[in-house]
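These are the structures, in structure tokens.
Okay, so chain A shows up in both of these, paired with chain B first and chain C after.
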Partner chain A sequence: MTDFWVLLTGALVASCCAILGCFLVLRRMSMIGDAISHSVLPGIVIAFMMSGSRDSFIMLLGASVLGLITVFLIQLFQQSGVQADASIGVVFTALFAIGVVLVSLNLKNVDIDLDCVLYGEIAHVHWNTWEMSGMDMGPKAVWMLGITLLIIIGVISLFYKQFKLCAFDPALAAAIGIPVALFHYLLMGLVSMATVSSFESVGAILVVGMLIIPASAAYLLTDRLGAMIFISVAIGIASTGIGYGVSIVLDASIAGCMVCAAAVLFILAFLLSPSHGLVARKLRRRTLSGNTAV
Partner chain B sequence: MQSLLDMMTDPNSQWILLGCVLLGLCSGVIGCFAYLRKQSLMGDTLAHSALPGICIAFMLTGTKSILLFLIGAGISGLLATFGISWITRYSRIKSDAAMGIVLSSFFGLGIVLLTQIQHSDYGNQSGLDKFLFGQAASMIGSDVQTMLIVCAFIVIACTLLFKEFKLISFDPGFARGLGFPVGVLEQLLMFFIVVAVVVGIQAVGVVLVAALLITPAVSARYWTDRLGIMVVMSGLFGALAGVVGTWLSSTTASLPTGPISVLASTLLFIVSLLFGPRRGLLAKRIVRSRARQTLMEEQKSRMRDLVKEGSSL
Partner chain C sequence: MRLKTNSAIRRWIMAMLFLTAAMLFVTACGSNGEDFKSGEGKLKVTTTIGMIADVVNNIGGEHVEAIGLMGPGVDPHLYKASQGDIRKLDEADVIFYNGLHLEGKMAEMLEKVGKTKTTVAVSSQLGETELRSDPSGAGVHDPHIWFNVRNWISAAEVIRDTLVEKDPANAENYKKNAADYLAKLEELDHYAKEQIASIPDASRVLVTAHDAFGYFGDAYGIKVMGLQGMSTASEYGTKDVSNLRNYLVDNKIKAVFVESSVPKKSIEAVIEGAKQMGHDVAIGGELFSDAMGKSGTVEGTYIGMVRHNVDTIVHALK
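Moving on to the complex of A and B:
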């Protein structure tokens, strides 16, 4: 049963992240995803301090707010003349530092563990179950991730056209009258939600891997956004399965193995993709030069 | 103030203070070049990708020495930079996604190695994870001596190669035209960033080490347009943040040094953002309101002239 819950959690994390990751990669905002995944820490801690419980939904709210504040601050500094990547760096390190200070000030009465926030422990998922009128309803994390995934799928499929246009040509989108800023913040809100619901299971840093690696691999395999999203989800889920298997064999961190598996799949796509792969490119170049020689 | 004096006289705190000041100084200096070359987030990437190097160095030798970790982390950091440049050169993936991919896969590998170390019976593995969150208080004399040598090396090298680094920061094409070995210089700069990052990891941890590089440099940029002054100011800002961090964390129990230094550095950044001459928000607002006033006065005097002309007609 443990295997089932871990795999289900991993697959849900992978799907949430893989869908959103496609838009981040296309809009060249991968490092903003990284920044959000770090800066939700103070949101989690403050929500915990105010509510006094590890009620996941309050944490989700706190962290989503912090995610939006992060994006807002990054844009504010960028507009006042700081380079884009430097403003990302300044904002997320400052917020992360606030989070670490808050955790260490409340170290005695807090059962938030820094290690747990950063690395996550997917193997503990099935212990933290949700009971409803005496019935065991399964792990809390699965419920939370499931709801997050539903919200993500709902929002993305409702506004698919708008998101697509914003991803490829924000100027055209703005000219047509699509509120680009609104969709930008909507996407960032979804990214923070996905980060928070995943952090307990895979940890804040490895969420970045699940966001970016499957989406980038899919970007190398197809030229269509719809296909890219499905391939990205498939790669994410596949790396969850492979990673879990490897982690059992090696007796190592499950989340770490999942990201490594995703990285291996990315390297395969990088080398062997039929359209954009390294080998295909070399072959095409060889046939081209062969043709010209003849 | 009493506590500040206590800190100055306590030999243990002296080491930590010296370590934090040196660290702030040398990462502030090197951060300027990284900022100008638009490589600010490189520090973050390198810090994360140092982890597998540190783990492998520990697994091979079984000792926790900062020098060995430096070598291991340096090698894996260089591999990470090669990975990023390969991905961007040979595929259509952009540099930001390439950074994210390399960062998270190296870190994932590092975590796997870390759990391997924890599950096997290496002797003194405790404290290895302290490297990740940083614990400045765990610095001892020998660590600080290594840091002293490394920082002195970086600062001297930056002084000697100042002209070259300046050129490749602003106009690498021109530098190549003049016949400078731009590739070598870029790799050298990257190597210095790797060294600064690895030295910083012990004090402030993997995540926050990026702030040591970025924040002082961005703050210094608000005060001056000259690179020489910017580098000196950035180094001073970094050192000041180190002093404040050590001081506050030694006076209050359970305040970690690294994050407090980062917050002090961020505070300096906010002050610079608001009050920097010419570029600061306040200065910009003053300039704008002055421009508006002169415009109004000009318009008023023109109107007066028009009225005068009209009445004389």
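Moving on to the complex of A and C:
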């Protein structure tokens, strides 16, 4: 049963991240997951200073607020002409630094950092159950991530055309009257929600990895956005399965193994993709040069 | 053309060799973890930090099999669960942890496990007066209780009572072992008090990289100064470095100490600074703070670790 819950949690995280990751890769903003993983520090510090408790719900609340502020600022700077990667870098380093300053000013003797109060551990999800009026409802993480996934699927499928056009050609989208800024903010809001709730359930590395790697691999395998999203989700779920198997054999960190598995799948896609792959390109070049030689 | 293909093939072979080597390395590193040897009739106990496992082994003797999740040299703040840890927690009859937020978020999970299993925080019997609390945040305590041997005596009593309750058949055995072990801890407490008191008053200052020795200082009458706060996210400021340096120079402190689970770079900056002001400070030795030494060595037990710390401090400061 433990295995089932770990795999289900992993698959939910992978799906949430893989769907959103596709849009982020297209917009060249995939490092946003890493950015949020750092910039939530002042959120948990302020939440602790206000409440005096390190209860996980309060920490999650503080982190969510800061997550939203992070993506809002990044989007704002980007729209005002700052390069996407630069605006991500500026916002997250500045916010993280504020967190470090707050800790060093006020909380020198309290053990408070992201690892020990916010980041969850996928190995522990199965014990962290949610109880409602005395009934055991199963792991809290599965509920939280399941609802997040439903919201993501709902919003994306409702406005699929708009999101697609905004990702590929914002100028055209604006020209035909789509509120581009609104959809950018909406996407960023979803990203913030997905990453923060995943951090709380399974920790940082799995989320950051799943946000980037499956989507990048899928990008190599297809040129159509719809197909890319499905392939990305499939790669994400496959790597949770493979990674969990490897972690059993090696007795190693589960999240670490899952991300490594995703990386291996990415390398396979990179080498073997029919259109963009290294092998396919080599072969094509050889036949080309062979033809010219004759 | 021919040459080019050859070099390409060679590159491929190199890449494959590299990958194989990496795989071998990973496999060799993995699967070193301990595991329950499915000892029949033994009480299976899983603990978080190694210090608790050591006490359980001493009290439980042959009737108990204890495994610590965090191995030697592992900082509890930086512990990462491995897949096998799930089984260790699942199969355990009793789980002991330190409590007071030493285990961070994991403690919340352990409390929930406590509904179906015996899960005990060894710090549970310590009252407000025995705990060091932080002036800024109400209700927040320093979790490094094992530096005061008296606190660890209380922890050992919690462990004894839990084992007796859980396994009444061997109760007499546990009580006897516990009495022996508690006597040793009393002795250790006296030893530490005596030894630290033998250091001249003026040089009785313990300078380390991070703030873990608060209980030690309170219990044995030595002033404790740390460069870094308790959290790993709190970084030390330049003012911390210069304050500490000035203190060392003004009070002619002979030695500072490094910790087994904290990098020593930060403390080296202070030493360098003092040197430039014409005062030589030595590194007094390595202290065990958040984790014990390698298992099988003397420092791999709680008593050995405390003795090592006391001896190192006395030797360097006397």
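In this text, the second predicted complex is superposed on the first by the 224 of 294 C-alpha atoms of A that agree within 3 Å, B and C clash if a C-alpha of one lies under 4 Å from a C-alpha of the other, contacts with A are read in each partner's own complex, and residues count from 1 in each chain.
By definition in this document, a residue touches a chain if its C-beta (ideal position, glycine included) is under 8 Å from a C-beta of that chain, and two chains touch if they have at least 3 such contacts.
Computed from a predicted model, the values in this text were never measured in an experiment.
Q: So in the superposed three-chain picture, is A:I248 touching just chain B, just chain C, both, or none of them (first/second/both/neither)?
A: second
Q: Kindly classify A:F48 by the partners it touches after superposition: chain B alone (first), chain C alone (second), both, or neither?
A: After superposing on A, A:F48 lies in contact with chain C but is clear of chain B.
Q: With the two structures laid over each other on chain A, which partner does A:V100 touch: chain B (first), chain C (second), both, or neither?
A: In the superposition, A:V100 touches chain B and chain C alike.
Q: Can A:F266 be said to touch chain B (first), chain C (second), both, or neither?
A: A:F266 contacts chain B only, not chain C.
Q: For the three-chain arrangement built by superposition, which of chain B and chain C touches the greater number of chain A residues?
A: The partner that reaches more residues of chain A in the superposed model: B.
Q: Quick one: is A:T2 in contact with chain B, with chain C, with both, or with neither? Answer first, second, both or neither.
A: It touches chain C, and chain B stays clear.
Q: Take the contacts of chain A with chain B and those with chain C, and give the residues found in both.
A: Touching chain B and chain C on chain A: residues 100, 104, 107, 114-115, 118-119, 247, 250-253, 256-257.
Q: For a test of understanding, state which residues of chain A touch chain C in their complex under the given definition.
A: Touch residues, chain A against chain C: 2, 6, 41, 48-49, 52-54, 56, 99-100, 103-104, 106-121, 123-124, 126-129, 244, 247-254, 256-257.
Q: State the interface residues of chain C toward chain A in the complex, per the touch definition above.
A: Residue list for chain C touching chain A: 26-27, 30-33, 77-78, 80-86, 89-90, 101-102, 104-106, 108-110, 112-113, 134-140, 142-143, 211, 229-237.
Q: Taking the complex as given, what residues does chain B use to touch chain A?
A: 35, 38-41, 43-44, 48, 87, 90-94, 96-97, 99-101, 103-105, 107-112, 114-116, 119, 129, 132-133, 207-208, 210-211, 213-215, 217-218, 221, 254-256, 258-260, 262-263, 266, 269, 273, 279, 281
Q: What does chain A use to touch chain B in their complex?
A: 25, 28-31, 33-34, 38, 77, 80-83, 85-90, 93-94, 96-98, 100-101, 104-105, 107, 114-115, 118-119, 205-206, 208-209, 211-213, 215-216, 219-220, 247, 250-253, 255-260, 262-263, 266, 270, 276, 278, 281
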